[in-house]
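Given below, in the form of C-alpha cells, are the structures.
Here come two complexes built around subunit A, the first alongside subunit B, the second alongside subunit C.
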Partner chain A sequence: MSYWKEVINGGWSLVEGMRVTFRRLYRPVVTVQYPRQKVELSPAYRGHIEFVKFKETGTHKCVACGQCQRMCPSNLIKVQGIKERAKGRKVGTQYFIDFTRCSLCGLCVEVCPTKTLKFSREYELEGVSRWDGVIDLMARLGETRP
Partner chain B sequence: MAEQFLEPVVENVYTLNLGPQHPSTHGVLRVVLDLDGEFIVRTDPVIGYGHRGHEKMGENRLYKQFMPNTSRMDYLSGMLYNHGYVLAVEKLAGIEVPERAKYIRVICSELNRISSHLLWFGTYVMDLGGFTPFLYAFDDREQILDILDRVSGSRLTYSYCRFGGVCQDLDSVFIDMTRAFLKRLRSRWSDYENLVTKNIIFIHRTRDVGVISLEQARQFGVTGPNLRACGVAFDMRRAEPYEVYDRLDFEIPVGTKGDALDRYYVRMIEMEQSCRIIEQALDQLPGGAFLNPKVPDRLRPPKGDLYFGFESARGQTGYYIVSDGSTMPYRLHVRVPSFGNLHVLVEAFQGTLLADAISTMGSVDLVIPEIDR
Partner chain C sequence: MGNEVGSEWIRLIVGAVIALAFASLNALFLVWLERKVAGHIQLRPGPKEVGPFGLLQTIADALKLVGKELITPSAADKKLFVIAPVLIFMPVLVGFLVLPFAPELIIRDMNLGVLLIFAFSTFSVLAILAGGWSSNNKYALLGAIRSVAQNVAYEIPLLLTVMSVVLMVNSLRFSEIVQAQGHIWFIFLQPVAGLIYLISATAETNRAPFDIPEAESELVAGFHTEYSGMRFGLFFLAEYTNMFIVSAVATSLFFGGWHGPFGFDMKIPGIVWFMLKTYFLIFVIMWVRWTFPRIRFDQLMNFSWKFMIPVSLANLLVTAVVLKFI
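On to the complex of A and B.
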C-alpha cells in the first residue's frame, strides 16, 4: 500500500517540479550576452590602478615616495622619481605595475600620501604575452581615455 | 614511493581514483577508493594538490598585507575569512571598532554565507544529476555578488574589512538592494521546495545516505552545518558571540539523524536565519564612523598569542596568531573546518555504494583550497 502511495506522491512531486521549470519559461531572461551587451560596473569596481589627473596641474601628484611599492604584498610596483631642484620635492617619472601578479587588494591606493592613485575601470585586459600585463601608468596618463 | 607499488594485491578489490580532476570533488581532491563490486571498503583522501603556503606567506608580510590571502583560502566565503582575520588581529592588538562597522561586517558576512550556501545547493543538486536548480541558485547568488560588488568592488575575493572597520561605507542603494534581495529570496523558497526538497528522486538519494554519527563527528572535529545535522546546536555565533551576534535574534537549526538530507535541511534553514540576521542588522544599523582612523599601517601587536574562532559557512574556522612584537606575525595558523569534514568521510563511506559516496561528499560541502591552503 505504502509503495503505491509513494509512487503517486513521488510522481506528483516530479510534476510540481516541472511546473516550476515551466513557469520559468515565461519569465524574462536574466543572462546578458556579453560581447554585445555589457553590464554596468559597480561604482566601487576595482580594475588595475592608475593615476588621478588633477585639474589644477593637469597631471599626477606622485612624489615617488615608494610607500605603495613597499606596501604591495606581491611587490609588483616599480616607481622611480627624480629631484628637479636640490631643495624641491621628488617627482615620479616612472611607474610600472605587473598586473599579472596583482590581487587588487587596494593597499597601494590607501597608503598613497598624495591620493594620486585610483582604480581604473578596465576589465578587458587580454594579451598574448606576459609582458602585456605590465602597465606603464605614466604612459597611460598621457593617452586620452574615455 | 617504491613501497606503494609493492603493496600486495588484495583479491576482489578494485582501486578507483576519484579525482584529482573530478567534477564532484569541487577542486583538486583525490580520494582513493577500494571497491568490492559497487561497495566501498576503504577510503583514503589525498590532499595537498592546491597547497600555496598561505600560512608561511603570513610570516613574511605585514598584518595588513595578509588580508588578500584570507579570502583566497575559502574562495566561496571570502568575506567571512576576511572578517575572522581582522577580528583576530583586532583582539590581539586591542583595536577599537566603531559600532557601525560591526553591523556592516555582520551584514556582509551573512550575505556571503547565503551566497556560499546557495552555491552549495546548486552544485550539490548538480552532483545528484539535477541541472536546473543550479541555474536558479546561481541566478539568486548573482544578486548577492552584485550587492557585495557595490561596496567592496569585487565579486569573490573581497578584502573588504580593515583593522578597525571596513574600507567603504554602506549607502542607501546598498540597503535598498539588500532588502529587495531578501524579499526576492524568500519568494524563491517555495520554488526550491517544489523543485528539490520534495522531489522524490532527491529524497531517495539523500535520505539515510552518508550518516555521520555524533560520536564520529566529535572524533573528527566536524563543525558547522554538518555537526548541527547530527543534532548538536553548536554555532560559534551563539557559543562565543563576536561582533553584534549576541544582540540579534536567530535560531540554530539542528537535524536528527546526521544523514545527507539533514545536512541539506540545516543549510536551507540557515539561509533563512541569515536573512533574519541581515534584516535585524539593517534595522539596528547605527550612524557614525565606519573606520577607526587611528590604526597604523604597520601594526605592532604586543607579544603573545591568540586563537580566535568564528563561524564560517562550513564550520568553525580559527586563526592562531603568534606575535613577537614586530610588524609581522611570528606564526599564523588557520584552523579550517573542511579538513575535519573531509576526514570523517573515511568512516562515513565505509560499506556504502559508490553513487552514495558522491552524494555524501557533496552534502558535507567541501572546499578544497581551504584544506590545502
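On to the complex of A and C.
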C-alpha cells in the first residue's frame, strides 16, 4: 500500500507546486527598469572617494599631508598642495585617483586626519577609455586652482 | 455533382489557407504568452519593449530569424537536413483539417478524424529523428534518440485514453464526440483518462518537464542544435502549433469542445468556448513547464511504462466493463 501512498503524496506535492507558481503569477513584478527607475542605494554603499564640503568653510579641509597617498595599497592616489602663507598650513590643490585600480578598501578615508574624505554614491561610471577611470576630486568639488 | 466536388475543393483550399495563417499567428502569440507567463511566475515583467505589452516582440524575433543565414554543416546528410523542418511542420497542419472549432466550422468532418490526427502526429517523431540524425552531431543524435524513445513510450497511454473516450461514443468522428458531451463533459466521466491524456500530451509535444530531447543543460539544444535561421524557426513553429493541436484535441475529447459547461451555452458562440478552453489548456501546459524541473530519462521511461500504461489500461478495461453492463 505504501506505493499508492507515495503516488498520492507525490501527486499532491505537484498540485502544491502549481499552487505556489500560480500565486506568483499575480504578485507584483520586482524587476526595476534600470535607466527609467533606480534602486535606492544602501546607506553603506561605497562609490569612489570624494571630498567632504564643510559648511563653515564652504570647501574641503585637505592639507595635502599625503597619508592617503602612502596608505593606498594600490598606489592610485596623487595629491599635491601648496603653502599659501609662510606660517600657514599647506592646502591641497590637486587630487587625482585612478578608480580603475581601486579596491574600495577605504584605508584613505580612515587615515585622513581632517576627515575630509568620504565615499561618493556614484555608480554610473561607464567610459570608453581607461583614462575615463581617472577622477579629479578637486574638479568634482567645483574647485580648480592652477 | 460536379458542383459539389468543386465546393469541397474550395472549402479545402480556403481551410488550408486559414489554417496556415492561423498556425503562424498562433505560434507568434503563444511564444509571447509563454514568455509573459514565465516572466510573471518568476516575478519579472517579460517582454514589454516592442509594441504594446511587448506583443510585437515575437514578430521582431521572427523577422530576425528570416533574415539569418541557413547554415548546413558540411558533414550533414544534406537532403534529410533540409527536408526535416518541412517534415515536422507539414503533419502539424494536417491536424487543423479535422479539428471541430464549432458545429459548422470543421474543414473536413472525417469519420476517422481522431485516428487521422494521431496518425499524423506520429510523423513528427520521424522528422525529429531525421533532423537529429542528418545533423551528424552527437548532441543532435542523442536528442533524436531520446525523442523517439519518449514518443513511443507516451503514445501508448495517449492512445489508450483516447480509446476509452472512443468506446463511450462509439465513433472516431470529432463532431460526434463533441456532440455526446452536450450535457456533461467527459473529463467528469473519465477524470483519470483526462489527466493521463494531458500528461502524455505534454510529453508528446516535448514540453517541460518532459523536454529531455532538447535538454539544454546536457544536450545543447537537442535535435535542432545544428539548425539556424528559419529552419530552426520551423521547428519552433511546429512545437507551438503542436501545443495548440494537442490542447484542441483535449478540448474536444474531454472538455466538451464547443459546448459550455453542463449544457449552459449562455448564447456564446461555440468557437469562443472552444478557443477559451484550448487556450486555457495551453496556459496550463505553460504553467506546468515553469513549475516543475525536468525529469531524468530513466524516470521518464519508468513513469510511462510502469505507471501510465498500466493505469490507462485498467481505465480502458473498467470503461469497457461498465459500458457492457450499463
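The criterion applied here is as follows: the second predicted complex is superposed on the first by the 130 of 146 C-alpha atoms of A that agree within 3 Å, B and C clash if a C-alpha of one lies under 4 Å from a C-alpha of the other, contacts with A are read in each partner's own complex, and residues count from 1 in each chain.
In the analysis below, contacts are C-beta pairs under 8 Å (C-beta built on N, C-alpha and C of every residue); 3 or more make two chains touch, one makes a residue touch a chain.
Predicted model, so just to flag it, every value in this text is computed and none were measured.
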Seminar exercise, completed: subunit A contact check, subunit B vs subunit C, more residues touched by chain B
Exercise. Which of the two partners, first being subunit B and second being subunit C, lies in contact with A:Ser42: first, second, both, or neither?
Worked result: first
For this session: Return first, second, both or neither, reflecting whether A:Leu25 touches subunit B, subunit C, both chains, or no partner chain.
Result: second
Exercise. In the superposed arrangement, which partner chain does A:Leu107 touch: subunit B (first), subunit C (second), both, or neither?
Worked result: first
Exercise. Which partner does A:Leu141 reach: the first (subunit B), the second (subunit C), both, or neither?
Worked result: neither
Exercise. Once the shared chain is lined up, is A:Gly17 touching subunit B (first), subunit C (second), both, or neither of them?
Worked result: both
For this session: Classify the contacts of A:Val63 with the two partner chains as first (subunit B alone), second (subunit C alone), both, or neither.
Result: neither
For this session: Using the superposition described at the top, list the residues of subunit A that contact subunit B and also contact subunit C.
Result: 14, 17, 20-21, 24, 30
Exercise. Where on subunit A does subunit B make contact in their complex?
Worked result: 6, 9-11, 13-14, 16-17, 19-21, 24, 30, 42-46, 71, 73, 103-107, 110-111, 119
Seminar exercise, completed: The answer for subunit C against subunit A in the complex is residues 37, 39-45, 287-288, 290-292, 307
Exercise. Which residues of subunit B touch subunit A in the complex?
Worked result: 61-62, 64-69, 72, 132, 136, 139, 142, 146, 149-154, 157, 159, 167-168, 191, 194-196, 198-201, 297
Seminar exercise, completed: Per the touch rule, the subunit A residues reaching subunit C in their complex are 7, 14, 17-18, 20-22, 24-31
